[in-house]
Each structure stands twice: as C-alpha cells, then as structure tokens.
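Just so it is clear, A, B, C, D and E label the chains in written order, and each chain counts residues from 1 on its own.
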Amino acid sequence: MERHPTRTCLARLPDGKLRELGVGDFEKIDALRSKPDHVVWLDIASPDADDIALLRDEFDVHPLALEDLEKRRQRPKIDTYAEQQMIVGYEVLPPGDQEHLFELGELHLFVGAGYLISVRWRDSPAIEGVGKRFRDRPDAVARTPGTLLYSILDAVVDGYFPLLDRLTDKIEDLEGRILAGGHTSDSLRIVLRLKRELLELRRNLSPQRDVANALLRRDLALVDDASAPYFQDLYDHLVRVLDTVDLQRDLLASALEANLSVTSNNLNAVMKRLTAFTVILMVPTLIAGIYGMNFHFLPELNWPLGYPFALGVMAVAMIGAAVFFWRRDWF
Amino acid sequence: MERHPTRTCLARLPDGKLRELGVGDFEKIDALRSKPDHVVWLDIASPDADDIALLRDEFDVHPLALEDLEKRRQRPKIDTYAEQQMIVGYEVLPPGDQEHLFELGELHLFVGAGYLISVRWRDSPAIEGVGKRFRDRPDAVARTPGTLLYSILDAVVDGYFPLLDRLTDKIEDLEGRILAGGHTSDSLRIVLRLKRELLELRRNLSPQRDVANALLRRDLALVDDASAPYFQDLYDHLVRVLDTVDLQRDLLASALEANLSVTSNNLNAVMKRLTAFTVILMVPTLIAGIYGMNFHFLPELNWPLGYPFALGVMAVAMIGAAVFFWRRDWF
Amino acid sequence: MERHPTRTCLARLPDGKLRELGVGDFEKIDALRSKPDHVVWLDIASPDADDIALLRDEFDVHPLALEDLEKRRQRPKIDTYAEQQMIVGYEVLPPGDQEHLFELGELHLFVGAGYLISVRWRDSPAIEGVGKRFRDRPDAVARTPGTLLYSILDAVVDGYFPLLDRLTDKIEDLEGRILAGGHTSDSLRIVLRLKRELLELRRNLSPQRDVANALLRRDLALVDDASAPYFQDLYDHLVRVLDTVDLQRDLLASALEANLSVTSNNLNAVMKRLTAFTVILMVPTLIAGIYGMNFHFLPELNWPLGYPFALGVMAVAMIGAAVFFWRRDWF
Amino acid sequence: MERHPTRTCLARLPDGKLRELGVGDFEKIDALRSKPDHVVWLDIASPDADDIALLRDEFDVHPLALEDLEKRRQRPKIDTYAEQQMIVGYEVLPPGDQEHLFELGELHLFVGAGYLISVRWRDSPAIEGVGKRFRDRPDAVARTPGTLLYSILDAVVDGYFPLLDRLTDKIEDLEGRILAGGHTSDSLRIVLRLKRELLELRRNLSPQRDVANALLRRDLALVDDASAPYFQDLYDHLVRVLDTVDLQRDLLASALEANLSVTSNNLNAVMKRLTAFTVILMVPTLIAGIYGMNFHFLPELNWPLGYPFALGVMAVAMIGAAVFFWRRDWF
Amino acid sequence: MERHPTRTCLARLPDGKLRELGVGDFEKIDALRSKPDHVVWLDIASPDADDIALLRDEFDVHPLALEDLEKRRQRPKIDTYAEQQMIVGYEVLPPGDQEHLFELGELHLFVGAGYLISVRWRDSPAIEGVGKRFRDRPDAVARTPGTLLYSILDAVVDGYFPLLDRLTDKIEDLEGRILAGGHTSDSLRIVLRLKRELLELRRNLSPQRDVANALLRRDLALVDDASAPYFQDLYDHLVRVLDTVDLQRDLLASALEANLSVTSNNLNAVMKRLTAFTVILMVPTLIAGIYGMNFHFLPELNWPLGYPFALGVMAVAMIGAAVFFWRRDWF
C-alpha cells in the first residue's frame, strides 16, 4: 500500500479494528467515512498544493478555510461551514533556539460526519501521541470523530502544563536574583523576555479557551452527551492554564517593580559608602593641611613627637569616622 | 467491626440515630443509601488504589473524576456526572514551614442520592470538625446529603477568616516598617511573599465562589428550598473573603509604591548629609591651604597668635556651615 | 408604660396617629402589625440574648440571620427569608480617634408585613433622625414598612456626603503639600491612610449599591409603584457616592506618583547644589595648593602683593563658579 | 405681554408658527400644551420659590425631582415619573478663572406630552442657541417635544468638542515640555490639574452617555421612529467624546511616567557632571600637593622651570580628564 | 461617455458582465440598480456639493448621514436608515511625514438594494484594489452589494497587518535600545510617540470590530447565508488586529518601566564610578598632605629616597584602591 509522504490515514472500523489506508485510496476513504460507525482520520503534515486540492475537492473544505491553511498564523477559532467544523489551535513545541522557552505549532482540524482531518506544519507530539494510541486502541481514542477531536485537543492542552512549570521556575529564579541584588540589566532582559512570552501565550490561550467553551455551548453534533464531561474537563484545564498565566504575569509585574526598588536601594548603599569614604579621607587631609600651614608660631611643629602625634590624630579621626559610619550600617 | 485505615463511614438513620459502618460493609452502605431518608457519609483520607476501585465500582464515579483524584491539583469546580455532583475545593491548613502563612488542602466531594463521599490527602480540620458534630447531633448536620455538603463547605470557608486576619496584621506591620524606613530589601522580600500568597489565595478562592454560585443557581436536587438560605450565606461569605483579599492586594500595591518613595526619600537624606559633610570639611581645608601658601609676605603667618587665629577661623567656618545645614534639616 | 432599655417601639395607626408601645407589650405589637395599614417599628440598640430570643420567637427571624446578628461584621446584603427581608447596611459615624476620618456603624433591618425592625450597636444618627421625624409626622415617614425602610436608608446614604467633602479637602491639602515639596514621609503616611479609608469605604459601599439595586429590581412587595422613584433616587445617590470615591482613589494614585516625582526632583536639586558647592570650594583649594608648592623659582611668592593677589584670584574663581551655577539655577 | 425675569415661554403652533407667551399666561400654556401638535417650551433660569411652585402645581413635577432642583449637583440621569421624563445633564461653560479649563452648567429638563421645561442656573449657550433657532424656524427645531429635547442635548454635546481640542493641545504642550526637560514641578502641577479635569469630565460624561443610551433603548413615547437616528447620533457623539477623554487620560498617564524618567535622566546628567568636575579638579590638586611636599631631595623643586613645568602638568591632566569625560558625553 | 472628475460608477450585470457608467447617467444608474441581480457601485472621491446633492436627491441618503459626510472625522459605526445601511470605517494610508507611522483614511459606505456607494477623501488603496478586481472579475467581487461590501472591508482590514508588523519591529528596536542603555530621552520620545499611535489605532479599531460584529449579528438583508462565513472571517481578522495592538501596548508599557530601571541602573554605575574616582584621588592627596606638613622632626623628609618613596606609596595606594573597586565592578 503506497504511502503519501505528507499524509497518514487511519480508520476505525465498527468492529473496533484499525485499518490503515494508502495515499491513493481516496475512494476507500470516501466509502469508509460515509458508512455508519466508521471514523476516518486523515493527518496531513506540511500540506502541499496536492493536499489542498484533495481537501477542496474531496472534503468540500470552504475556500476561506483553505485560504487560512495557505496563509497560516490564524487566531485560534472554531468556524462552522455547512456540515464541517474547522478548528484552529496551537500546541507547545520545544523551542528552536536558546532565546525562547517554547514555540507554538499551528494545528488546523476539520471535523465532519465520520471523519477528522488534522493539518500541521511541524512535528507534533500531540498528533503523534494520539496516533500511537489510536493504533493501539482505536476504540478508546476514536469512538466518534468527536472523541477523536477531544483526544487531540486534550493532548494539546496537556502540553501546556510542563511549560507553565518551567515558567514558574524561571520567575522564582528571577525573584531570587532580583532580591539578591544581582546585575539589574540581566534581570531586566529576563523580565522583558518572560513578559513577552507570557503575553504571547495569553494571546494564544484566551481564544483557545473560547473555542473550548464554544464546543461546550453550541449545539454541535460532534459533542454528544457521553463526551460532554470530557469537553467540560478540557475547558476546565484551559481555564486553569490561563489562571496560571495571569498569576505569573502578576508576579512578573511585581518582580519588575521590586527590581526598581532594589536598584534604588543599591543606590542608597553606594551613596552611603561615598559619604563615608569622603568623610573618612577628608578629615585626615584637613589635619595634614593644618600642620602644613606655615605659621611661625605653631608649637606642635617643634614637638619631637609632633609627627607621630599628628599621624595618631589622623588615625584616630579616621577610625572614629569609620566606626561612626559602620555603626549606622553605611559601609 | 473492622475499620479500613483510610476510610470512615457514618450513616444517619431516618430516626436521627447514628450508625458507624465498618470498612468491609459495602453491602450495608449500599443498602442504607438506597433507603429513603438515610444519609451515608464516606470519608476517605489519602485514597489508595483500593479506594479508587471502590469509588469506581460501587459509586459509579466517572473516569474523569477518578483521573482528577489521581492527578490532584485540580481547580475548584463543580462537575455534574449523571446522578452525581463532584465538587473540588480547598481548605486552609497550617503551613508546614516558616516561609508560608498557610497551605491549601485539596478536598474532593461526591454527592449523590443518599450519600456524600469526601476525599482528602491531609488532616482536615473542616472534615474532622464536621465529623465530630455529625457524631454528636447527626440530625443537625446531615438532614440530607445537601445539608451535609453545606456543613462541610461552611467549615471550609470559615477556615479562611483567621488567615485573613493574619494577613491583615502582616500588611499593617509591613506598612509600619516601610514608613519607619527600615531595611528595604527585607520589606521587599515580605511584599513579594505576601503578594504571592494573596495571588495564590485569589486564584483558589475565585473559582470556589463560582462553585458556591453554581450551587445556588443551578437546578440541583441537592439544594432544596430549606437549605437555599444556607448556600446563599456560604456564597456571601466567600464574596466577603474575596473582597478582603482584593482590599489587601490594593494595600500591598500601595505599600510597594510607598517603599519606592521611602527609598527615594532616604536617598535624598543621604545626599543632603553628603553635601553638608563635604562643605563642612572643605571649608577649613581651604583655609588650611591658604595658610599653607609659601608667600614671603603673608602677614598672618608672623602673628604670634596666627595659629590659634587660623584654627578659630576654621572652627567658626565649620560651625557656621553646620548650623546652616542643620537649620535646613540637611543633617 | 415600662420601657425596655434597649428597645423602642413605635407604631403608626391607620389614622396617621402615633402610638408608642412599651417593652412588654408584645401581644400589642403582634396585634397591631397583623392589622391592615398599621406600621410597627421596633428599634433595638445593642441586642442582648433577650432581644435575640424575641426576634427568634415572635418575629420568626431565620437562624442564619440571628447568627449574623451575633457575629456582626456582615457584608452589606439583602437576604430573603420566607416573608421577611433582612438588610445589612453601614452608616457613617464620627470617628473615635484622631487616626481615622470615620467609623462605620452596622445596621440590620428586618422588614415584613406591617413591621420593620432595626438593630444596631452604636448611637445611630440615621435611626434617631428618622425616629424623631416619625414621632413628628408618622404619615410622611412610614406610610408603609417600605417607605419607613426608604427613610432609614436615605438617612444612611445622606450621611456619606459630608464625609466625601472632608475626604476631598484632605486630598486637595495633600496635593498642595506634595507639590510644595514638604516632608515626604508625612505625605506618604497620609496617602496610605487615605487610601486605606477609601478602600474600606469602597468595599462597604459597593455591596450597598447592589442592595439598593436589588430593592429596585426584585419583585419585592415592599417597593410599590409609588415608592419606586424613591428607591431609584436612593440608588442614584449611592452611585454618585461610589463615583466620587473612585474619583478620589484616582486622584490619590496620581498624588502618590507625583510624590515620587517630587522626591526625585528634590534629589536633583540637592545634587546640583552638591556639585556647585564642590566646584566652588575645590577651585580655590587648588589655587592655594599651587601657591603652597615648594618650587624655588616661583615668582608670585616673592611679589609684595602676592598674597592679596592669590586671595583675589581665589575670590574671583569662587564668584565666577557661583555665578556660573546660579545662572543655571543649580543653587 | 408681561415677562417673568427668570422664565421664557415659547410655543410652536401646529401651523409651524411661533408664539411667545408671557409669564402670567399659565392658562394659555396649559391650554396650548393640551392641544394636539402644539409644543410648549418653558425655560427657567435660576428658579426661585415661585418657579418651583409653578412646576409642582401646574406641571405635576414629582417631589423628588423638585428636591433635586433645590439641592442641585445631581448626577446626569433620566428619571421617569408617571407621564413625565426628567433628564439631568451638564453643558460645558467657559471657566470663571484661569485655574480651570471649563465649568459645567447643570441642566434639568422635564419632558411631557406637549411640553418641555428646561431649568438652569447660568447663562447657557446651548439653551440660548436652540432658543434662537426655535424662534427662527420653530418647525425644524421642535416638531415634537422629543425633537426639541434632541436639539437641546445635541447643542450640549457639541459644546464638548472644542473643550476636547483644547485639552489635546494642553497635553501635547505638556509632553513637549516634559521631553524638553523643563521645570518638573510645573509639569507636575499641570499633570495633576489636567488629570483632575479629565476625571471630572469623565465622571460627568459617562452617566450622560447612559442617559443617551436609555433614551435609545427604553420604550419612550418621546423618541419616535423618525427621531431615533438622531438620538443614535447623539449617543455616538457622546461615545466619541468619552473615547477621546479616555485616550487623553492614557496619554496623561504616560506623560507622568515620562516625567519621572526625565527627572531620573536629568539626575544622571548632573551626577556625571559632578564626577567629571570632581576628577578634573582633584587631579591638579594632587599634583600641587605633591610639589608641596617638604622632601629635602625633591629635584623638580630646584629646576628653574619647575613651576611652569608643574603648571603644565596640571593643565595637561585637567585637559586630559576633560576630554575623557567630554568624549563619553558626561559634560 | 463623459466622466465626472470625482465619481466612478461600475455596474455588474446579471450575466456577470461589467458596465462602466458615465457621470451624467443617473437615469441609467437608477434603472440598473432597480433591476434584479444588478450591482451598481458608485465611488466618490472628495465629494463636492454636487455629489452631496446627488446622494440626497437620488439615493435618499438621510440628512444626518449627509451631515456626517460634511463634518467628517466620524467614529467607525454602522447606522441603519430605512432601506439603507451607512458604514463608517478607516483604512491605513502611508504617512504624510516622517513623524507618523501611518495615517487613517476615512471611508463612508452606503449600501442599499442593488447598490453600494463609497465616499472617501484620499487616494484609497483598498477602494482602488477592489475596483481593479471588480473590473477584472465582476462576479467574484460583487455577486451582491453585500459581497462587494465584504470585498472592500476585507481590503481595508488587510491593510492593517503590514502596519502591525512595522509597529512590532519598532517596539523590538526600542527594547533593544533601552536595554543597551542608550540615550534615554530619545527612547522616551519614541515610547510616547508609539503609545500615541497605538492608542489612536485602538480607538479606531475597537468600534470597527463592533461594526463587523453588528454585521454578523444583526438581521441585515445584506449578509446572506453564503456570505456569513466571510463576514465571520472579517470579524476574526479585526479581533486578531486588536489583540496584537493590545499586546504591543503591554510591551510598550513594560519598555517604559524598563527604561526607568535602566536609568536608575545607569545612575548606580555613575555613582560607583564617582565613589571610586573620589577615593582613588583622595588617598594620594592625603599622603601628599602628610609629607607637606612642616614638622621639624619628620624623618622621611630627610631620606635621600624620600620623594620616590612617597610617590611609590601614592602609586601603591592608588593602584590598590583601583583594584579594590575594579574587583567589585564599580568601574
């Protein structure tokens, strides 16, 4: 059975068996999905013109949805076109560079009677994980296209939790670093970077929550009574993720304010030290200046121990000033 | 009657009597809860696989609810599964370390016809308090599963008030400390810690209020007309707790801003002192410099009292400068 | 007619006459309030166990409402118990100390068919004012229990306006003080205090507005068509009070930010002065140092007028520097 | 026809003609307004007891509305009393002093079947403008009481636009002034003043928009199908005014933050200059100190050109330091 | 066929053919638009009195809409007048000067049965682009007036995306510049300018989104079932644009705060350097002062190598201090 490089097609037969379809088998796909109790899952990675044509011609995908596929970078949404639901979501992927904590992988899902099509442009842990479970236990994952949709979205949402933990760690590190009074400009760079990532995440998650809500609320054939609690659970998870992101944004804002306070505080410490140093050094300079005066009648100058006496006075003055400032914690 | 280490099972009989059931008595539990006017309360501490199996097999708990039990760290919520309500809440526990002001104990409650199951992983003052009152006066606490639910949630919510008082004290202390101009970095550390705890609290309380609201609004068999005012009261209390948390967050934000102002102000004071010290010491240094010049015709140098005169001029200059700055409150 | 120390009971008879009832006359109260067109007002100050029992036994007050009475510190609310409305509100009282601008007096009102019960723990200008007007013109104040309720709530709300004026004055004073660059830590203390009072006020007023709204919206027998505009007016006044509180919070926030700017600005001024002083004093010190050098061939030293010349150069340098900084407004 | 000093009464007759009524003509007013297709407009400036009595007795104005008239300073609102609508609004007046950019003139309008009454306490450009147009073309301005109401409110709202332009200019001036680093305390004073005026404006405009919305939404006889687009237009204008006020508040907030940054920045510049001056003056002082040492064997002292050499070294050092700091832009 | 300088009129005939109408052909326009399945598009650039008259007399445009046309600067809105919808929108135009990133071109659209009129005052890339496509493929662009409206609005919204990309670049540049610690006042100027442009954009986009939503929600004949997904798509795009603008505002706010932190941090660095310089220069000055004292018995003065010894001590002290501060990163 010939395989198309960018397409994988699995079908659950009514007896719970799995059948893997080849790339040219469109007639079979069509036949299968129109039979009752069959679930056909077509997964397309990095669709090319050929795939787009397939979607347009065989699955009646709406021109706007195809345009979205070609343009990419869509906002998470659920669009209803006649018999078909089109869902756009994003999953968390490991970052491609050191600069970022994550990347987002776009996912377009088309669900209709008897089939689900997933389209994506990158390796997708969620799709691949669900695919593996589909092969193992087709019945558990894809009793209906709706449950297959849930399985995929659930895997997508679960991918956010490790990222949140990583973000929490980063923010705690940052707070510790700021309170320890470390290099401010490094902290600032981290604050701005984390802020940007949290905002990016929020911008992406908030419509995704709306999608989950729409799946719950709308009278969609694909969410039946048995799967309703699952979609409720999905929604709850997304709300929890968003709550955490908001909490982290608040913590980050406080960290930025704390950073300003710490900088101000450091400045105070520096100025106190400057004051202390100035006084400690100026006092003996003044004394030296006094004994450098050229008065004819300046008795100490003739004392045999005048010089050690002067040095002693200087030392006492310096130590006195140092102790004075030390006690006030100005050093 | 054999007792299961992690399970306690109490039943209120229709005549208002209490009956404590052993761990193996599942048949009895089942028999009792199906009779009218019986209320069976099963409390499970730190459920093990055995308990999970019991919930699944005998109480028909939904797989998603069991998954929540195993994963823990759920968001407070109320989920409706067929005949069963599942409620997740958190109660305030004493903290395990000095760093925190409180810990949150997760509580899963399952309410169905004739029974309530509570699951928790820590010692729970709320559960234990209600359990004690149940034993004393079964009728007052658990006329129906709904009133038993109210009793438990009410005990949970009441646990928040002492924590709020403690937080209020901490914030007032902090304000005093900041206005007194104490160690800024300590204050900052406290601010960030309190902020984190308030955010944590808010994140937990806000969905809990939504649960209380859902209990009031939804057409749930478990809230009958007689118990409606009690659930209204519960909701009012949660709103009050949240109001207080918000007030405290506002106060904390002001404290953080005040801290910045105080630091700035302290800096002003330090710089004024630096200026004063600099001038006070530089003026006599200049005078000493003048009399240290080597001019051949410098009359004061030959005065018999030139030296004391010079010292006098210096002293006058220093005192003058000191008074000048003292008057302007620069010292 | 014996009078109970904590209870006052007035009744408006259908002919518009007033009748004052003694403390033991419960039968009379009961008889009166059940007759059509009678309005009985029972006012209880600092209720004791006896009063609580009266409310429970004779007026069928709900146990939760009694619990609220005993616990006090309730959130403003309106609760409906069978035939009875229970309203919790707060009125402004003069403060007990210099630290605060006001105190809040808790007020519990119970309204049912033919009667209104007011409970409070302090002298209440609102209750006493309405009581006086009731005695003078029973008909104007208490045509029905609803209009009596309006009269009391209106007196409560009117009490907020003088407080708002006082707060406005305080904030304008504060702004003037901050712009004048006065003692920052005093200003800060005032800011934090006012902020706390405004937050306290807001926390109290916002649910009170919701109560007024509920009185308008809900299908309550106690607000009839004729009194609806009055309750609308009450609601409008509360909204105006809240608007003013919000405006004041915004002004206070700006004042706090302005304070930071002023402090920063003062620091600038101090540093400019430090710079000016440093330069003005260092320049002649350098000159003195130059003529203090021990070169054998240093012509000025031998000039007869070398010393005055040097002093002149110093003076010119100092004046020049001073003028330089003066012109730049650095002094 | 005798004229009452504070009242003007105009009537549009069904044939589109204008009729001006004298002050004592109440019977005529009453007769006219009860006829179909007549519109009577009574304008009262600074109402006295006599006017209040007229409103109460002849127009059945509700006691609460009369109380509002006497108290003044009402929140913009629309109240419905039986057959009558009472609308409170504010128009922009030129300020009475240099301190403010505007004053607000209170306007109470009563609209009923066949008549509109306007009450105000100051010269009102809006009322007078509409009055003039009424006299010129009664039909265009007051086909019905509803269109007369629209004409007045439209004139009121149009009065806000020039004020907004003036505010925009002030804010742009302020931004320029702040970025130019001018006198910070002046800028602060302006910021606080503008903020206060914007808040005042917002507090006034927001309920006015709600009034416009209520006029649109409510089933009011006075807005018929033909005038609905006009009231929609009124509402749109108010929304635009509010949008602009919000935009200006945002700009002002940024200006305040920018001000803080500029102050901080100025401080940096001052400190850099202090550092530069300090170094530039201390280096030659040190050199002078060195040649002021009393060592017996200090060869330079005996050089014939030692003195010019030392001065040269000082000059080189000073110029070197100055160039060093100049290049780093520290001057 | 004579052409009016400010008007272009295109018509799609039912056979999908294009017909361009001359300026005087009003009868033809009228005839065409009243025929079923014709779509007439009249585009007016910079309308003069003649055009206004045409709209009033021939298209029955409402007086308020005409007033809006004359006044311009309307808020984006959709107004329904009898059979006609009037839509106001803004498109992004290239800026006229270096100061701004964009200009907004106002667009008034009137849609009725069989026709759409577009009015604008500037060259409009959206109108001209759609016009070109209309000429090429009349059927694809303007099957109905509704689809023609969609085509124009879609072109308008698409114009925002390149602007957003430019803004994102500007903000990233700004962040880099701030973190690099560049000229603060330049950064501030850019922040304020970008903030103003984002606010301007937001103020314009937010009502435009409401218009798109109204087009979706309202029962408008011009959005039929087939075009509903297109208007949904339009709405989604506007929401995405607004999300991005909000994200950018948040980033800008952080940048402004970061700027303050950086300035504070720079100040710290300057003060550390001042402290270091002060100490490094004062220590040898003190030593020189000591050897400048005139004590008769000051042994070092007589050492043959006293002078080099003193210079050595100074050098050691200076190097020691420099190393001390270098190690602490104070240089």
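We take it that a contact is a pair of C-beta atoms (placed from the backbone, for glycine too) under 8 Å apart; a residue touches a chain by one contact, two chains touch by 3 or more.
A quick note: this is a predicted structure, and the numbers were derived from the prediction, not measured.
Participant: Just to be sure I understand the contacts, which chains border both chain D and chain A?
Facilitator: Both-contact set = E.
Participant: Regarding the chain A and chain E pair, does the interface count as same (over half of residue numbers shared) or different (under half shared)?
Facilitator: Result for this pair: different.
Participant: Report the inter-chain centroid distance for chain B and chain C in whole angstrom, where each centroid is the mean of the CA atoms.
Facilitator: 26
Participant: When the centre of a chain is set as the mean of its C-alpha atoms, what distance in Å lies between chain A and chain C?
Facilitator: Spacing between the chain centres: roughly 43 Å.
Participant: Residues touching two or more other chains, restricted to chain B: which are they?
Facilitator: 257, 260, 264, 267, 271, 274, 278, 282, 285, 289, 292-294, 298
Participant: In the complex of these two chains, what residues of chain C are touching chain B?
Facilitator: 62, 64, 74-75, 77, 79, 81, 184-185, 188-189, 191-192, 195-196, 199-200, 203, 207, 256-257, 259-260, 263-264, 266-267, 270-271, 273-274, 277-278, 281-282, 284-285, 288-289, 291-294, 298, 300-307, 310-311, 314
Participant: In their complex, what parts of chain B are in touch with chain C?
Facilitator: Those residues of chain B that touch chain C are 175, 179, 181, 229-230, 232-233, 236, 239-240, 243-244, 247, 250-251, 254-255, 257-258, 260-262, 264-265, 267-268, 271-272, 274-275, 278-279, 282-283, 285-286, 289-290, 292-299.
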